[in-house]
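Here come two complexes built around chain A, the first alongside chain B, the second alongside chain C.
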Partner chain A sequence: MSPAPKDTRRRNKAERMRRVGKLASGKFVSAKSVPEVLKLIIETGDILCLEGDNQKQADFLANQLATLTKKDLRDIHLVMSCLTLPAHIELFKKGLISQVDFCYAGPQGQAVAQLLADGKFPLGAIHTYNEIYARYYVDLTPRVALIAAVQADRQGNLYLAANTEDTPAIVEPTAFSDGIVFAQVNEIVDKLPRIDIPADQVDLIVEAPYPMHLTALFTRDPAAITDVQILMAMIALRGIYQKYEVQSLNHGVGFNTAAIELLLPTYGEQLGLKGKICKYWMVNPLPTMIPAIESGWVEGVFSVGGEVGMERYTAARSDIFYTGRDGSFHSNRAMGQLAGHYGVDMFIGATLQIDVNGNSSTVSKKRITGFGGAPNMGCQPMGRRHPTKAWLQAGAESNPGPGSIPGRKLVVQLAETFQSGRVPTFVEELDAQDPAIKKALHGVAPVMIYGDDVTHVVTEEGIANLMACRTIEERRAAIRGVAGYTPVGLKRKRSETRELRSRGIIQLPEDLGVSPSDVSRSLLAAQDIKGLVRWSGGLYDPPAQFVDW
Partner chain B sequence: MSCSNLFHEQTARQRIASLVDPGSFTEFLPPPARVMSPYLPQLDIPVSFDDGIVIGRAKLGGTPLYLAAQVGQFVGGAVGEVHGAKLTGIIKASARDSIPCVFIAESGGVRLHEGSSGEIAISEAMRAVFECRAKRVPTIAVIGADIGAYGGMGILSTCCDFRIMTEHGRLGISGPIVIEKWMGKQAYDSSNRALVWKTSGGKTKFLLGDADLLADDDAASVGAAIKKLLSKSAPLTIKSVKARQQELEKRLKTFGKTTDPDAIWKVLGIKNVAEASLATATEFTALAKRK
Partner chain C sequence: MEKFVKAFPSKPLTWPRGKQWALAGVVGSGNLEVLFERNPKTTDQMDCHVESSIPGYKDSWLAALGDFASNYPVGGTKVTIHDQGADPIVVTFRLRQAYDHLLKKTT
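== the complex of A and B ==
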């Protein structure tokens, strides 16, 4: 029997840092020496955390790590938010990884599916964001964390700028458990605009030869918003936002919700909803929010990350956005997810597939994407106790029993009945239920939002109020009723749909006072990116791929 | 089903309807007439009942005019034999009746599937434009749609008395992708939208003098610009052609080696390029006059 642990980790860390020795000058190492430093600080069997989410990447460190071979690095337990870079995939191809626990694999979804099929993806589990951050404090505490910051000062303090994102959630559990925090920075300066991570929690720093990768993930060009999306936005605004007077909310990042944001100053204003709905937001600084903010709809926005080009605008609107002492934007993914879980009355977002029971998923047989943060917000927070009008009204409609929570969070799925290429959104069974996928995920089908959590499904056909359904059969009939001409929709029975409509469980556009002939792109407060720039008074700097002037 | 208020997002028929006096438009060879391309079915390509162009007669502010509007959604507004014949016919009618001719361009040029019949159609349309100009009947090209006016339609547009552009419109001979293909991505990156619009977009063309008026991206503004020009014509004489030639030689000398389009704007009197990029047509016109 091994002796009870005392301070082995602390002594082991000291040993690793001693090995780095002269390769570091204080905390600073040269870009050239990074592969060697990585070999010296990472040991066989380590839990290694690589910072990277769907926007920000410690890409230089990841690329250097991927140059190592099995001789240098073995049996690594990789923990991370997002498998996004080709370098991440390379680690698996080289067989360096003995287990991986992660959340999301957006652009590498196909590669992950292929690795799984080839037996080269030793999966622990796929998590949601806050779930994996929680495990960093429990049983997945990193021994070494490779992170990304914008600037470091000579003492080793870090500045994260707009994209704080996961960094604090990775650094804290690592730094306070004698792990090694190794940061790549875009530049080393004498004085930081503000300190986001204190030097005390950072062990090694390298000035990367190229700035860290940042994706403008949440920029939606209003020019690409379609008539159908506008119709759905009008249906949602009347049937949900207005009905429940939703004051605090989280929006997804698709065109469906962008349409809603752009209708607030026009259609929302006509409906007299200003000041009554959409005051508090947990959402990234979406450019399509600019017209609503400039029209005085919005009281506050807290974000999990930044958005490229929104730096000057957010700094100039510090009443709305969280900003540091230096005046610039601040985000925090873990806290944002927490705010989205407990603090808001509604989650509304799009999805790729919804089954007849209301379960949804973005996984297909060829693409394993995972979860990210949507399930942290698209779920019922059972620990919530504070009442709001929307929460109580939704609770009353769900008819709680004597042993259940009185309120209910609105969890809304907003989806066209068909995806592009005439692929039906509504299916009898999710691709995620495929036995092979389920087996690879140790028995857990990768469902993004569970049907039990969903309160409403909104399509161009109308709204299905799932929480008002009393049986699973009713729920299925309600979903079929708004599933249009998909195979799921075509199985609806006229008598059932009529009955559910008479009870208000299914609401068609005409029941809500929405006429498809009123749909017009001219209802969008801004119809293109230039329109957003004009609304911002020239403060929004769209990324080059969106600029045509 | 829906109607946008942005000119560049409208369909050809929406553009006409929102431009002319209500109820004044009569379409010639409308879709029910089924005058279609004889070639496309042979290539298994879908046809369109109007062959991608709407022509007819209308009034604008009470003034009669002949109108053509290309349908960019159908093979990129490309000019085939029937399409070209409709366009030529409406311009010829202008010359015959001494009624101004306005065409709203949205085309990448000749329809390659129809080979030389498209090329011939363009030259016939050019000849018709010159018939109008010889008689001092105004010919006006409106360029404000997504596809712009390229290839043969770019040439035809520059044959007219006047060109009205919006900042969304683009005017050129070879399109961006073609230029990139022949000159290389380093010389011209067609995915760099800012570069594409700064070299061929409405504001740049207005600064250079290739567009006579700049309108905002809505039918009211475009209509007001057309009204300003309906009673005017630009003389086409040996003297005017020589003057134009000199102008172009001077342009080549001044800007031939410039690689940054912003530098061209600055030489042409735009001090604050970022601000001017966001300016409305009226504001931009005022800025451009300050040079």
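== the complex of A and C ==
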């Protein structure tokens, strides 16, 4: 019989900190002592959280952790949102990890697939962001969290700057369960612009010899937007934004949604939609939103992370963005995901593959990327109770029964029928259903957005309104009807497509008053990055890789 | 290289006054050109002449052209397509653009 629970964890934490002893001066440790400190504070069997977010990485701490060997560290249960860095993969190659629970492995998708195939990736589960943060409070509470901040002051308070991202969601459950919070910071200063994490929740701090890794993930150059993407943007604006009067929304980060943002001040204005749609946004500070913001379309933007180069612009537009009292940009992934789940009329985003039932996935046979946040937003929030016009209108179309929610969130998949290289987007079966992948993921295919949650599929061919379909056969016919000349599209029956069109379930561009001959790149409010800088009045500082002038 | 000629049944086009032809797109890498002209020999079919730099997609071409002739009244036209490896999604788009140009009244 195990002893009754008391304060074992607190005493264990004190013991770990005692081991660190003179290696720390107050909360501060030197960069060169970090491998030793990590050995002293992490114990065999620990749940270890290594901060790896969508954009920022505790890369110095990750690199130091990856220098340790099985003699120093073993049987670690790693929990983190994004496996992004080579150092993350190194931990598995060295056999330090006995279980991993994570959300997303973008750039390391191929390495993860390989580790899985080699039996070196002891996977618990792949989560969505809020799902893993929720488990940090339940059964995956970290004993040690290695996090990243921009600055610390002498007391140990932390400033997270624009990319707050996951940090509060990691620190709170760790700090309030007698875990150890160890932060790398870019610099130690006398006074912080604002305090994001109070010193009381931080145990150890190191000034890293190099600034933390940060990716400009959401910058889309308008110059790369194609005619077909503009056509799709026009179709979506008329057939969905205008039809449902979408007030609040989340945009994905592809070129398709960038095209919509850049059409608002031109085509949207022509349609008389300003002030009627797209007022409240849950998106990162996307540079392609600058023209719409400057034209007065946008009331507010809340973000899960920052975007490199948008700091001065967002500080000067604090009516729109959430900022500290000095104008410094603020984000929060957990709260942003919550806002995108419960607070918005619509999620609209692109995908790599859609099957004939409307399920979508970004997994391909050689890459396991996971989910990130898309499923939190691209799903029906069954706990939602507050009505909006769009929610009720969509709900009425989806023919609710006596036991169902009266409203529906619009969940829109925006995808060209072919990806680059003539790879069809529409398939009979997702690559995610590959038996080897399913086996590695405990029998569950990694579907990103389920067909039952999707309300509309928009392609260059037109719109399929899936929620208005009454049977699964009808839904499949609607998807084939807009799947173009992919193998899925070629199987459509002309009579079925015509019948669905007569009921408005399939809408072609001409049914929406969109004329392909009106499609022109001149409709984009900005033609290139330089145009965005001009719209911002010189406040947007694009990262070097986007500057060609 | 893929080259074929095929006629598809279609309802007769009512030609706008003064219009003899319409063009959309350009022959350039990843793009294609669509030319609509009058075909005096017929009023109930769309005669298509397709030249594509990429072989092996005849089924997609036939399906796209057949759907187009079925969805729009384009009988009495000759359609010439020069394709330089356009993505399949560009094909229908350029057809519709050329058709739009054809119907637009000249001012």
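FYI, the second predicted complex is superposed on the first by the 549 of 549 C-alpha atoms of A that agree within 3 Å, B and C clash if a C-alpha of one lies under 4 Å from a C-alpha of the other, contacts with A are read in each partner's own complex, and residues count from 1 in each chain.
By our rule, a residue touches a chain if its C-beta (ideal position, glycine included) is under 8 Å from a C-beta of that chain, and two chains touch if they have at least 3 such contacts.
Everything quoted here is computed from the prediction, not taken from an experiment.
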I'd like to know which partner A:14 touches here: chain B for first, chain C for second, both or neither. neither
Quick check on the superposed pair: does A:460 touch chain B, chain C, both, or neither? Answer first, second, both or neither. second
Under the stated touch criterion, which partner chain does A:396 make contact with: chain B (first), chain C (second), both, or neither? neither
Based on the superposed arrangement, let me know which partner A:418 touches: chain B (first), chain C (second), both, or neither? second
Looking at the overlay, what does A:31 touch: chain B (first), chain C (second), both, or neither? neither
Quick one: classify A:436 as touching chain B (first), chain C (second), both or neither. neither
Pick one for A:224: touches chain B only (first), chain C only (second), both, or neither. neither
In the overlaid three-chain picture, which partner chain does A:494 touch, first (chain B) or second (chain C), both, or neither? second
First (chain B), second (chain C), both or neither: which does A:485 touch? second
Can you pull the chain A residues that chain B and chain C both touch? 227, 516-517, 519
If we count contacts the way the header does, which residues on chain C are in touch with chain A in the complex? 24, 59-60, 63-64, 67, 70-71, 87-93, 96-97, 100-101, 104
Which chain A residues qualify as touching chain B in the complex? 223, 227, 230, 516-517, 519-522, 527-528, 530, 533-534, 538, 544-549
Residue positions on chain B within touch of chain A in the complex are 1-6, 9, 167, 191-194, 196-198, 201, 203, 274-275, 277-278
Chain C contact footprint on chain A (complex, rising order): 227-228, 231, 416-418, 420, 422, 460-461, 484-486, 490, 494, 508-509, 515-517, 519
